[in-house]
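Please go over the structures that come below.
Both complexes shown next keep chain A, but they swap its partner, so chain B is in the first and chain C is in the second.
Coming up: the complex of A and B.
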């Protein structure tokens, strides 16, 4: 027996015993099979490599050379490999690491504490709800405040109870988290706030969305933009051929329950030649879209229902020579359980030009919750897109108007310019190079 | 020679116990009893002759090393750690990291609970002392003493700064800025 086997034997023995005690039937049975195999290999004096010996994770030292010849290097220490033979089938939380198990015990006790606390708070809430408002000190207002703060505390406790669970963390990292549960929503929000939220707020600031379109905009939901399965980072310039078809949104809200939202896609840089200014144009408008934390996909092309779609998708286009157009995607939450009248919306916003998001928000008492944006400029495909959709203006090219300087013209300066007079006749052969007027080859300024 | 020396040492030590009674045959009696040295006086190490040519380099080598201060080892540790790079980041595979995270969270939780328990116990003790003092302050003292006598006595700080001591702050005038001469080393009583 090699030395490392001798080292690993007590460990393996312990592991086997634990496996036998453990109530997990599948794991124990497989582990027992593995131990039999191990015994067989040791008795038959390293004759036949078992399938475990062909795996670089669990190869025994006597079969290492075979594996290396086959081009696979054994992974980890020999001690670890022997341990892996019996513990490969254990679920993660059962792994026999002492500190890990102790830690899990501590965390489980803490969770139990939190759960009992939640139950106490829920009892308090039910008692308070039954109580008449006249008996509560402070009346109905105080009762509502107390109930709200108790509920908030319960939500907090729900998150606190699960936040130390390694399996929950693992499941969230795998993307398998159930967004109807507060802990996964908490993790998702934390992740969003750590980067994407900052990026979106930066775009809002640097593209001047806040004074131009809305007086105030602080997104609380994650809105991601996809054109043809490709994720578009906020603020990207999108080819007009790609943006011809409506995008798909991935909307993740972080508070529980279904809600109705309305969606606006707004071009805030339409050049207005008469007024020598820029105006706004609505490219898409839909209302009464139901959203919840668990259903996140929102393809604009699927919104066709009569009580949802108010203004259909108009491909964003630009004109030659005009600056880039900011196409903002605004998600506005409607008041709970109130539907907007889409017929009225259709009537109001049938002509897309001059759409004001602020007045839309105020008229229907909406709150903006999500934002994303992309840009569009004149490119090779824009003329085709405009022709296909009957949008006028493809033959127009904007040119910047020349703005002359208000400063008075400056006299020529410098050593040469000072010595042009007859007093310096003897220097004239050296004073031909005046900046802006002449150079060595002669007079350059047109007269 | 060695054996005789040890015997003489033995006898010399014996001579301490019973003075003037024993005389050795091998050696003449020593008038002054030597305590801890077993060698005879003729072999004893003599003091080096002052300023001899041979002993000069030895003295120089010894004096080259500066005397170590009492904080030498602490200073050495600080020096070593001052410019050392940060420890490398922990590199772990996914499940390993998850286990590490679990243990870390449990450890943080445990520490927090410990701190909270300590804090609670301390505030409890402080509140107890406060209540006791309040009770003392309200009592009308033993015999003809007035209200709060016991409290005043309890608040006396006799012996807090040592027996018959005064706090060091009162040893000199309280000033806004430190003295020009921080400590007068030449002062003698």
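Coming up: the complex of A and C.
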């Protein structure tokens, strides 16, 4: 038994027996009822499960198997479950332990300090805003810089004020965090940066998105890809039947406020037979999509408005024998409060072929903020998909052209090869007609 | 480079360098030497050709001493620290191996008798200050103190330790009657007589804090300082202290490097002549080990002295003065 278990065992045992005299369960009527029930169960035989034993949060070890058979797995450790039985109706922050409450007092004092600092900084900001730019040393530029740095500092302080609150952390981990508040956005960004961001940057690197598609791409928003409710990890090969319908995106941005974005789905591996090269094709293009930290769902099938959808969804297809196609999903942020002219986009990009994301970015001054990708290859369903959507080329099969070596053929080498000539006639019985090397017609071994 | 040209370079070096100063002396200078050279500057300026072109240096270089008394006591702990350490001690009781009395006490000795008497009174708990708590019993999980429990306070810890220290069994193994038990002397209080009277001249005040010696001169309160007279900074500081506060102190100069400096700008006339010289004061740090300041007969016109903490200094010194010296003061 580990040390930790050794410590926990007496606690668990004690909690189980002495629920009635636990001092901090008094107060709520529900607590009294619960303890009564617990007492009943402990007094009567352990065979009768109480309602608390049917709850995966507070089931006792002897009733675990019943619950598991019913399809519910018990939650947490046994020690925690026993503790939950007795303190479930007492708020976590009111547990009357001295060290705990003293620590909470320190954290509360720290938070108060941060809040007063925030108020001070806000006052500074409002004073500076009222001040005429000519009175500020350095003029308007310096005033703007100062304001921006003050606001950044206030944002930092807002995060610092709440970062030590265990309830905030719990709410975030339960998925109940309000993304309009800076602390939850901070937690979400930290979580994203810890794994998903690294994965996406690895995909950008290993699939050569930089520099094939864009010269520079550092995502700052989390873009997740779903086909038919199933989450697709970045870079996975998706069956063409599944990708026939447009996907749904879950986009989480980590800076506050609404903004408008454009969305491009781009196939960067379309074989171009005439040029013996690959070109790009636009599979989806939409602009003026409103995004904010709190609304994250972005189904491509719902983008239909005239001022949003420029190029509708074209199912990604591949041809037999061609290498995989990289289908990149690019999220580009538009300049604040500027709408793109979708009619112009339609006119420009109606023919999907030869789409250049870089020129699109430069033409409309967009900033790439999010990225995700999947891949598509020729599979059993591709021909059907192509037939349904009238895409030509299902009957074409690409074959790799044989590239012959430019090196001259190597002459046979070795003891036998050296002694094939008439000068070695006396050795012919050893150097001719050797199994695996030569026969009556000459040398057979290649290389 | 050819050998011939190298030779010419070497010669050039020999002739160009000044013959009186070697290269090491020219580069290495001690901190305390800077002031000395600066004070010499006006003297050299007095020579006729220089005096016509250069104005005299418009600052007085002064050396001062910040005499400190380090804290005598450790700080009082925050209630959270008390509660936390108490919790850790009980946890330790739970986790470590049980106390085996026979290892530490021989049977049938006075010490063993004394020990068993005290443990019995504590209800069998081995630790002295943890209340009745058995780390190995089935109740051991209930180790956390509730809010408002005074058991973790320093006062109660001190009381229980003192109670334990008193001998309960005489040398010839006879139990001393409760009324005859000689209690152990309590340590001196953290608050001294000087704290209660708020006597700012005594050195035994504010024993948890660092104290600084300030004197009241013609310019108000400040650290003792004086103009350098052809001496190094640390020599000047020593002289200032001896002259200002007497020799009846055992002090130690921490280093020869100044810890703070103050600059007072000179008052210049219209055509650039100096009306009133400015002051550059460099403070060195010293510690007092014993003795007391005595301002009798000091040549600087100091009338009063105080031993103050950092916060009290902030009130007493002028804001510019305090801003110049605050960064060399410790938090405590």
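Criterion: the second predicted complex is superposed on the first by the 331 of 447 C-alpha atoms of A that agree within 3 Å, B and C clash if a C-alpha of one lies under 4 Å from a C-alpha of the other, contacts with A are read in each partner's own complex, and residues count from 1 in each chain.
One rule holds in what follows: contacts are C-beta pairs under 8 Å (C-beta built on N, C-alpha and C of every residue); 3 or more make two chains touch, one makes a residue touch a chain.
All of these numbers come straight from a predicted model, not from anything done at the bench.
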Inset, instruction - Figure out whether A:97 sits in contact with chain B (first) or chain C (second), or with both, or with neither. - result: both
Inset, instruction - Figure out whether A:322 sits in contact with chain B (first) or chain C (second), or with both, or with neither. - result: neither
Inset, instruction - Classify the contacts of A:166 with the two partner chains as first (chain B alone), second (chain C alone), both, or neither. - result: first
Inset, instruction - May I ask you to decide whether A:106 touches chain B, chain C, both, or neither, giving the answer as first, second, both or neither? - result: both
Legend entry - Set intersection of chain A contacts, chain C complex versus chain B complex: 97, 99-100, 102-103, 106
Inset, instruction - Could you please specify the touching residues of chain B with respect to chain A in the complex? - result: 95, 98-99, 101-103, 105-107, 109-110
Legend entry - Partner chain C, residues of chain A touching it in the complex: 3, 7, 10-11, 13-15, 23, 96-103, 105-106
Legend entry - In the complex with chain B, residue positions of chain A that touch it: 92, 95, 97, 99-100, 102-104, 106-107, 110, 164, 166, 169-170
Legend entry - Partner chain A, residues of chain C touching it in the complex: 78-80, 83-84, 86-87, 94-95, 138-142, 144-149, 152
